[in-house]
Amino acid sequence: MKLLVSNDDGYQSPGLIALADALAQLGEVFVVAPERDRSGASNSLTLDVPLRARRMDNGYIRVDGTPTDCVHLALTGLSEADPDIVVAGINHGPNLGDDVLYSGTVAAATEGRFLGLPSMAVSIASHEPRHLDTAARVAVQLVTRLCEQPLESSIILNVNVPDRPYDELNGFMATRLGHRHKAEAVVTGQDPRGRTIYWVGPAGPEQDAGPGTDFDAVRRGFVSITPLQVDLTRHAALETLGRWLTGAAVS
Amino acid sequence: MKLLVSNDDGYQSPGLIALADALAQLGEVFVVAPERDRSGASNSLTLDVPLRARRMDNGYIRVDGTPTDCVHLALTGLSEADPDIVVAGINHGPNLGDDVLYSGTVAAATEGRFLGLPSMAVSIASHEPRHLDTAARVAVQLVTRLCEQPLESSIILNVNVPDRPYDELNGFMATRLGHRHKAEAVVTGQDPRGRTIYWVGPAGPEQDAGPGTDFDAVRRGFVSITPLQVDLTRHAALETLGRWLTGAAVS
Amino acid sequence: MKLLVSNDDGYQSPGLIALADALAQLGEVFVVAPERDRSGASNSLTLDVPLRARRMDNGYIRVDGTPTDCVHLALTGLSEADPDIVVAGINHGPNLGDDVLYSGTVAAATEGRFLGLPSMAVSIASHEPRHLDTAARVAVQLVTRLCEQPLESSIILNVNVPDRPYDELNGFMATRLGHRHKAEAVVTGQDPRGRTIYWVGPAGPEQDAGPGTDFDAVRRGFVSITPLQVDLTRHAALETLGRWLTGAAVS
Amino acid sequence: MKLLVSNDDGYQSPGLIALADALAQLGEVFVVAPERDRSGASNSLTLDVPLRARRMDNGYIRVDGTPTDCVHLALTGLSEADPDIVVAGINHGPNLGDDVLYSGTVAAATEGRFLGLPSMAVSIASHEPRHLDTAARVAVQLVTRLCEQPLESSIILNVNVPDRPYDELNGFMATRLGHRHKAEAVVTGQDPRGRTIYWVGPAGPEQDAGPGTDFDAVRRGFVSITPLQVDLTRHAALETLGRWLTGAAVS
């Protein structure tokens, strides 16, 4: 098996290294990752300027682009043979609820969708994780399971692992994404030259974080696994929308 | 009514100006847009550095960030009162099928979701449009309709308008997103100093572009309107995933 | 006469427009300027990525690069015929003393040196200038004088104009660059996520700002004109250095 | 003795590591360097956004800014005690003649000038150097010599070392900067989307590269050492300029 591994924290991230090292027991690992921290990059793709790729001493390839660029390049040219799976992470910090939309880690996994194979994004629920080995072991288990028993190919698994010893995990749980309230207000300040600056504020408090959500699972010590879809169409609304449009028709 | 207008082509884009001018007949328009072209930015949010906002002579506010940053700032601090709707565009070039995932225009609309109001992304199906007035008129019609007859609040409308005179439109059509084949291979080249560079290749050919898709509607001269969801959870897969996980359980 | 005009504040800067408009009375003006504010860019030249140039409605060409990139491109390819002179500005804010080293405006002028023609950087001594017409008129006078009576070709004139009505100028003065004390301490802060950030502090107080310096001339209401050299060799030290090196010789 | 070491190739550059390791025999080495390659940055200083500094496992501090930012931060806040000398390098590739103006390595050294101590920029004359130990040994010799026998404090030494074994060096030579002809024409191309792009072309051929120049010394196997000045005023032209200005006087 050939595994493509990427992330958004950059090619030097301990989480990436832990993931690549652990997955090496399952097959050939090919790492293509950003040269620096690109958290928050979402699915941003670089079209205006060319990218450069450089093979490091440890065999990793670093790219001066976004997580999406890394996986895109790997799948459309850098790699000699197509990988069998894309695994992104281990992200330092959780990717839960609405935050998934901004996540470069999830975006890297998403970019693997044209393969027709499940992809996986793995995050650990602490910004300064102490138990990367726990998350790495979970990743190995899930990849192994995907090989034995494939899921529908268009599903992306968003995996969040509590930052605790493996033996203290309470199990695996299939979850839906929770939701947050509106983000906190922008933080307004001044630079040393007296000009106004704005910092994007903290994420809002949890709004839908009860049983069944990823927030709840992680809080209770479970590995949260959310199936994500890449089809953004809200199919259930198509019929309603069709009727609604008759009232807005071209006159 | 107060309308927040943004885009990803930058505050000087003719598409933005046409949209803002047309919507002014419906209420107070508040424009917050990127200082330069940020196409392909997806939902990228700037957390590492502060943002700056500057009011231009025409009242527009330009921000040195992404489309998502612009709407985020407008909704969490820049604007005195919450707008009633967010409209992004008019993008020069279509946002159809899989490309929606990378679109800064759609991302700007998506960022309005915390308002609990429908948002709308408007694109015209030509990179050098000649009929921006057509798309602007369509936007006015759809916003008017949303006021009269609200849709479920979490729906985002992704609107693509053929680049032709309004009278030559064939109507409005509710569509699903089509899909493309895998992207073309990366384009490998050399810079003038002899070093290898990689350009992200063109989007792949259409794979699912038949009746019912946005690709098909636009090709046939209809305004394509796709309801998008912001909930990325694939709810239909939750039960299957739950069973599947029993085979990967923590040992 | 053909005049190449550039700046570092960006192609929309009122100072650039005032300069280009005024110089148009002397010949054909060709404007190539950065697409956004690139103050502090110094002589930074973009080698890693390609540049894009776009002709705007007013005939200006904007480039997504540094001031140095703009002039470099104009002189090595964009322009059909070589210009006769390079004029950069009008910078909003002074470029005096040690600050010249960081200035993108002065760098744009410097990049014209391969022409074998004098270049000129023009700044107005206020960040929110009210008398751009004064500085524009000074620029016209100096360019006119350069045509009548050329200076040695490798000299770059660094011109700083007080922000006051032309009639209230006290004259022109040939000056040397003054010097500042060490910069103020870095301003340490925290971003909203609690991480430490550092802002480059304000420039230090003036150390050598007495009679004969550019600081002094501007303070006293004169137009300060400093001849700059592009040869960074300290010729006077060559002999001493030669002797000194005998004590460090390869053993 | 406390030595501040920086560069423009980034904190992982073998040249930086070789320099820091070698200088450690002379005193306490404090490394503050850019997080990624910033060649060509010149004296660019970051004023718009804050900087972040991170101490790496090997004690180096990496900064997400330019070479000038790194030295500026180190001297105005990061470092507890002022260093006694600033050494920048070892740059992979020469910094000779006109190219010095664009060099981030030389800029890093220049930023040390407020200390009132000589600074030094060290480059090796090959982009893929094989004899970094030669350049490191030369740096140690020169720093040792500066301690024994200080030079005038405002002098910056620009050192270029041939890429050959130390025993094959022909000696040290005090040089002036040579000069190049105008740069080669811009290289025009197209991106994969058919849009025109421009690459800055190669540096021009040597024009003034005879005996006494840095070009000549390195070509002949000598270590070239050029004294640079930070005072950009062309003092010799002040009197002429004063007379010249009488003809451009305020009317």
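Letters A, B, C and D name the chains as they come in the text, with residue numbers starting at 1 for each one.
Keep this in mind: a contact is a pair of C-beta atoms (placed from the backbone, for glycine too) under 8 Å apart; a residue touches a chain by one contact, two chains touch by 3 or more.
If you want to know which protein each chain is, UniProt gives these names: A, B, C, D = 5'-nucleotidase SurE.
Model, not experiment: these values are computed from the prediction.
Peer 1: Looking at the contacts, which chains touch subunit C and subunit D alike?
Peer 2: A, B
Peer 1: More C-beta contacts across B-C or across A-C?
Peer 2: Answer to which pair has more contacts is A-C.
Peer 1: Regarding the subunit A and subunit B pair, does the interface count as same (over half of residue numbers shared) or different (under half shared)?
Peer 2: Counting which numbers both chains contribute, over half are shared, so the two copies meet through the same residues.
Peer 1: Could you grab the centroid distance between subunit B and subunit C? Build each centroid from C-alpha atoms only and quote it in angstrom.
Peer 2: 41
Peer 1: How many angstrom between the C-alpha centroids of subunit B and subunit A?
Peer 2: That pair's centroid distance is 21 Å.
Peer 1: Starting from the mean Cα coordinates of subunit A and subunit C, work out the distance between those two points in Å.
Peer 2: Comparing mean C-alpha positions, subunit C is 46 Å from subunit A.
Peer 1: Which subunit C residues reach two or more other chains?
Peer 2: In subunit C, 47-48, 50, 52, 191, 193, 199-201 touch at least two other chains.
Peer 1: Okay, in this complex, where on subunit B does subunit D touch?
Peer 2: So the residues of subunit B in touch with subunit D come to 48-50, 52, 187, 191-193, 199-202.
Peer 1: Using the touch rule from the top, collect the residues of subunit A that touch subunit B in their complex.
Peer 2: 37, 39-48, 50-53, 68-69, 72-73, 75-78, 98, 100-102, 107, 110, 114-115, 141-142, 144-145, 148-149, 151-152, 155, 166, 169-177, 181-186, 188-189, 191, 195-201, 204, 223, 225-235, 237-242, 244-245, 247-250
Peer 1: Of all residues in subunit A, which touch subunit D in the complex?
Peer 2: 35-36, 47-48, 50, 64, 191, 193
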